[in-house]
Amino acid sequence: MKKRNNFLSGVFISLCLLFVYAPIFSLVLFSFNANRSLTTWGGFSFSWYGELFKSREIMSAVLWTFIIAVLATIISVIIGTFAAIALAKNKRLFKNIVLNLNNIPIVNPEIVTAIGLLLLFQSLRLQGGYGTMLLAHIAFCTPYVIITVYPKVKSLDPSLIEAAQDLGATPMRALYYAVFPQIKVAIFAAAAIAFTMSFDDFVISYFTAGSTGTNISIYLYTLKRGIPPTINALSTIMIIVVSIAVGFNFILTRKQYKKEIQE
Amino acid sequence: MKKILGFIVLSVSLITLAACNTNSLKVFSYGDYIDPQILRDFEREFGMPVKLIPFDSNERALTKMKLEKFDVVIPSDYAIEQLIKEDMIQPIDWTKITNLNKETSFPLELKSLLNDLKEDENPLDLLEYMVPYFWGNMGIVYNTEKVSLADLEQYEWDIFNQTNLPAVIYDSSRDGFMMALKHLGYSMNSNVTTELTEAEAYLTTIAKKNNVVFLTDEILDDMLTTKYDLVQAYSGDAVYLMDKNDKLNFYVPEVGTNVWVDGMVIPKNAEKVDLAHEFINFISSYEMALANTEYVFYQSPRKDVYEYMITSDDYAHLREAYQVKRNLNDEIFRYVPEVKKIVDDAWLKIITN
Amino acid sequence: MKKLIELRNVTKAFGENVVLKGINLEIYENEFVTLLGPSGCGKTTTLRIIGGFVDPSSGEVLLNEKNILDIPAHKRPTNTVFQRYALFPHLDVFENVAFGLRMHSNKVNIQMQINKLKEDYQLKIEHAQDSKTKKLLKDELNNEIELIKDPNIHLKLKIKTIKEKIQALDKTSADYKTLKENYQKEIKTIKADFETPKVREQRLTDKVMKYLAMVNLQGYERRSVHKLSGGQQQRVAIARALINEPKVLLLDEPLAALDLKLRQEMQYELKEIQRNAGITFIFVTHDQEEALTMSDKIVVMNDGEIQQVGKPEDIYNEPINTFVAKFIGESNIIEGIMIDDYIVEFDGVKYPCVDYGFKRNQDVDIVLRPEDLDIVPLGTSPISGVVDSVAFKGVHYEIDVKTKDRIYTIHTTDYQPEGKEVSVSFEKEDIHVMEKW
Amino acid sequence: MFQGPLSIAKREKRKIKAKPYTFLGIPYYVLLTSLIVIPLILIIFYSITIQEQGLYYKFTLDYFTQFFSEQEFVRVMADSIILAIITTLICLIIGYPLAYYITKRRPITQAILILLITAPMWINMLIRTVAWKQIFDMINPSLLGSDFAIILGMVYVFLPFMVLPIYTVLSKIDPLLYEASADLGGSNMKTFRKVTLPLSISGVLSGITMVLLPAATTMVIPRYLGQNRVLIGTLIERKFYDSGNWGYGAAIAIVLSLIIMIMVFFTKKLDRNKEIEHDEKT
């Protein structure tokens, strides 16, 4: 009985994975297509990869997407983590107000956040560009950092900070040596969420980047002649990078798992 | 900790640097509307990087021009008219455009169009403010295997209403209403409410048909596989598609259509006015104009290039689309703000039907 | 004994909630002081004010006659054992204990040490009589600072002189080579004494091991702290707090989470540790037995006020009011009237007593400790009643005797059956008279 | 009264000396005010005012009345929300069993599977959508533009948002609970209904929110898989950029936001009810 269940659930999981990976497989396949078509096979070729690296627009869009994502992640993680620590020590009323406001961008459709920021930047006469785009990304990433890190901070024993200070650590060093190691996992999770959201964002970037800011999403959305196979090549490279990261992560997880079993 | 901080400081300063980097010629144009090689050549010759910033519609370009500074902008005729009216662009110094002669360099059809405009009851001298970049008209790209020329000649624009074949109407309020107004026998610059209402009703009936969708640039991809049999399209797009798919041909309805010209203009707040003129002059030379036309597929305003394109055997299969015939009722779009708002609102309702 | 800490009129309010209503307290060197009281009495707040975790609303806290309120927690010479130990879960036993040392051995702290040294010397220099000693002190200070900045400075100087000697050697002399080799050997031995990170780490390890041994935790250094039992965690917390060699160790109900047997063992051990370490312990508890067993001095607190300060025996035997009497041990508390010096009346009977100094006919409370009462045959004493309940408590029986006026609780080793009619007797020294509270 | 757990609980609430840390929140409070609260106020402001001569603004509800009188737009709003609800339900139907079956695997397999399911999120959303367009082009181009294509695309893109929170909650359920339930004679089905489902409801609800929200407002998927179909996100965008009618765009955004918030509020309420029930049981 149990075996059959296991088999059936295996089939289900496999089908889901097939659903998830079929389009990705097609993306990869057609990145090696010799002709421009994304639907008919014209022979094997690496030519789109050459094109990709020659295209200044795509490379700059990729680079900027990456820079913005990295910066937005770092800044929002720092701001959010510090805020989570401060919030845990604040009065309940204040805390509740802040946490509710923090939820606005989370329960609001992205497009509403986007036009809100657009209106803000325009009324401040801020010229749209990578600066406004970065601000916008920080604005929508930080709330996610807070909701990821805050519960962890709240669950900490408040006397840990006191203990560290008591043993001679300055308040900042107490944070660094006694608190951060314990919320590290939550901080990494928050960073991963922030990075993914920023890296993948379209709507908010589209509205706030002005006409000088371009990331991958905006580049693709405003492409005139459909999506060229260079994008498939780009995706393939991204998939390879992600796979390496995932593989690395997997090895780490396995090591940790083995260690836990041994203990 | 320190490393991270250092990285942040570095990146932030990088960003501000990039944001403040004004030392480039900023060209604002439709996406994919310039041969990038020309920009590289210009950079090499003048030692100044060119930053190409794409827009996806004239309306958006105008909104953004109010917020940001560009050196050269390439909008369409009616948008240029608006820019002139709103005092946002400066006159062209033709003495610096040595590669073109205002009087003799343009093909007859384009010249007459611009002259008509000058002599209109609401006169407009576009050449004072812009240097033509590309021009063309709007027509119907059709699948020669499914649609006969006879049908097109019989129904003209109404073919979209008559047929049940998969069809595409260009998703732009202006071009949609142009088609309707021309079919109904009115001016496409009409500001008569009854005429506009009639056009809206006509378009709504078409929009309710299941075979009609509203697209813009997607057709450039979709029509490679002849996904639709009838497509309302600009001549340049038609050239591109006919070049890639030999099932296709181009027909310009004789009841009249939109003849358009896109031009290079220099905003009043441009920072590099001289270099902007140099750029315009550079791109207007015979070699560059030819290269650009061959890359973008739109028709050049240079008489010599234009004639080469419609006589060369290499492009014989594209002649229908390359040749900009002028029919009696052809018009150029004018800037009529009060109509634009009505038409825009109506258009959103039509396409969401 | 020297006075170490003094609290002067310390008050604390959290919003509207007044927690401390003016605490005055003196604590001496090497004292084991217990703050005893029910929860919410302000004892923990008092401790946290001393530790620097809470600022008082008003009042002063003096350490060696100097106000320390402006000194943040991490610079105070106090260390704390927290109620639930607050061990760092991400560090093992060794690193937990080493935490304080590591915090004190780094650049920031070097600067702090220098500043402190400067302050100390500033005072000495100001007090110095003549300019000669002043100069001497200044040189001394500079030397000390150099030493803190570079602990190897003296050794380096030595090497320098040896090198100079090598330079000065006559290269043509016959024994040049052997002499040079000898000098180089000397340099090597000196270098071996250099304080390198490795040496420092070794010193740190030795010290940690010493303190782990002190709390009987040898062999546990690489254990993760959540794999320890409650008692072991407790010891880690103590070792961790002691390793910084504080002047005062603050203990916030450290035994509350342990089971009875372990608690009793730890009481004994704590007292041992305090004696060996020779430092002041301030111990917070609500458990009167703990307080009585361990303390040199008990401070009984209630409702933000100190009720009584004294040796355990005094507090037990001479409670100053009914609160203390009730809180410390079990008692029979009876309302009475002080007729005159040495005569007290309750339940309509006058008894001789040892108390005096009250007003005539003043209303008072009388405490009779259960172990001071005896059950005697019926009629041999003025108080008679019926045995109401009997409970065996191990060493003694707890017997309630119901008289017409009240129920007396009596601890006695003699068994009495329920329902038996008996009398209750006591000596005049057993009557403790207190002002009404 | 003098001892026991009460005193410990009380002590936890005591205020600790917090001053050195509270200032850490300042950058965030600045961010919260300037980049979250003020933009929201601006949207509201734009939606209820009309500019008259220079800097003079007049209060108006015209944008709202106009929106509700234009049935085409109301229908676009309704369509968007219905499509989003269908997408959410399908995501739930696929995502719940998927998350549940994953938790039944060995921990290491669980980690791999979750990684596999979330990894595509790192590939640009537009690219993933375009990949589906390519597949439709290959298999049956006539499906493009249909509700089916749009829903499929949305399910594809947003499925991980459903799986992740459910998985997180399910994986935290103490296996002892399953054993206890089996011990008490609960069948598999009964255990699932009485133990797993109630405990996982919070994950389900956050999954629903995380799918519903982006699905209702996506601009990308209807563009590529819906043949430029105008759904509510695109409508707002067009009102902003093509018509330059910011007030109208802001008004639509507010209506949309309110509808979504009401939906989220009710799902949250469902959650709270469940929690109370749960608390009472334990």
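In this document, chain identifiers A, B, C and D correspond to the written order of the chains, with residue numbering beginning at 1 in each.
What we mean here is this: a contact is a pair of C-beta atoms (placed from the backbone, for glycine too) under 8 Å apart; a residue touches a chain by one contact, two chains touch by 3 or more.
Please read these numbers as outputs of a predicted model, since none were measured by experiment.
Hopping across touching chains, the smallest step count from chain B to chain D is 1. Annotation of chain A and chain B: jointly contacted by D, touch as defined at the top.
Set against one another, A-C and A-D show the most C-beta pairs in contact at A-D. Central chain assignment: A. Criterion: smallest distance from chain C-alpha mean to the mean of all protein C-alpha atoms. Taking each chain's centre as the mean of its CA atoms, C is the chain most distant from chain D. Distance from the chain C centre to the chain D centre is 55 Å, each centre being the mean of its Cα atoms. Rounded to a whole number, the gap between the C-alpha centres of chain A and chain C is 51 angstrom. Look at where the CA atoms of chain A average out and do the same for chain D: the two points lie 16 Å apart.
Chain B and chain C, compared by their mean Cα positions, are separated by 86 Å.
The set of chain B residues that touch two or more partner chains comprises 218, 225. Each of residues 39, 162, 171, 227 in chain A touches at least two other chains. Counting partners per residue, chain D has 16-17, 20, 137 as the residues that reach two or more other chains.
Chain D meets chain B in the complex at residues 70, 72-73, 75-76, 137, 141, 145, 227-228, 230, 235, 238-239, 241-245.
Those residues of chain B lying in contact with chain A across their complex are 1, 4, 7-8, 11-12, 14-16, 18-19, 28, 30-33, 36, 51-56, 61, 64, 67-68, 217-218, 220-222, 224-225, 240.
Chain contact summary for the complex, chain A toward chain B: residues 36-37, 39, 56-57, 67, 70-71, 74-75, 122, 125, 127-131, 134, 176, 210-212, 222-227.
Only residues 12, 16-18, 20-29, 31-32, 34-40, 42-43, 46, 94, 97-98, 101-102, 104, 107-108, 111-113, 115-117, 119-128, 130-132, 134-135, 137-138, 156, 159, 209, 213-214, 216-217, 219-220, 223, 233, 236-237, 240, 246, 249-250, 253-254, 256-257, 260-261, 264 of chain D touch chain A when the two sit together in their complex.
Those residues of chain B that touch chain D in the complex are listed here as 57, 59-60, 63, 171, 173, 213-216, 218, 225, 227, 341, 344-345, 348-349, 351-353.
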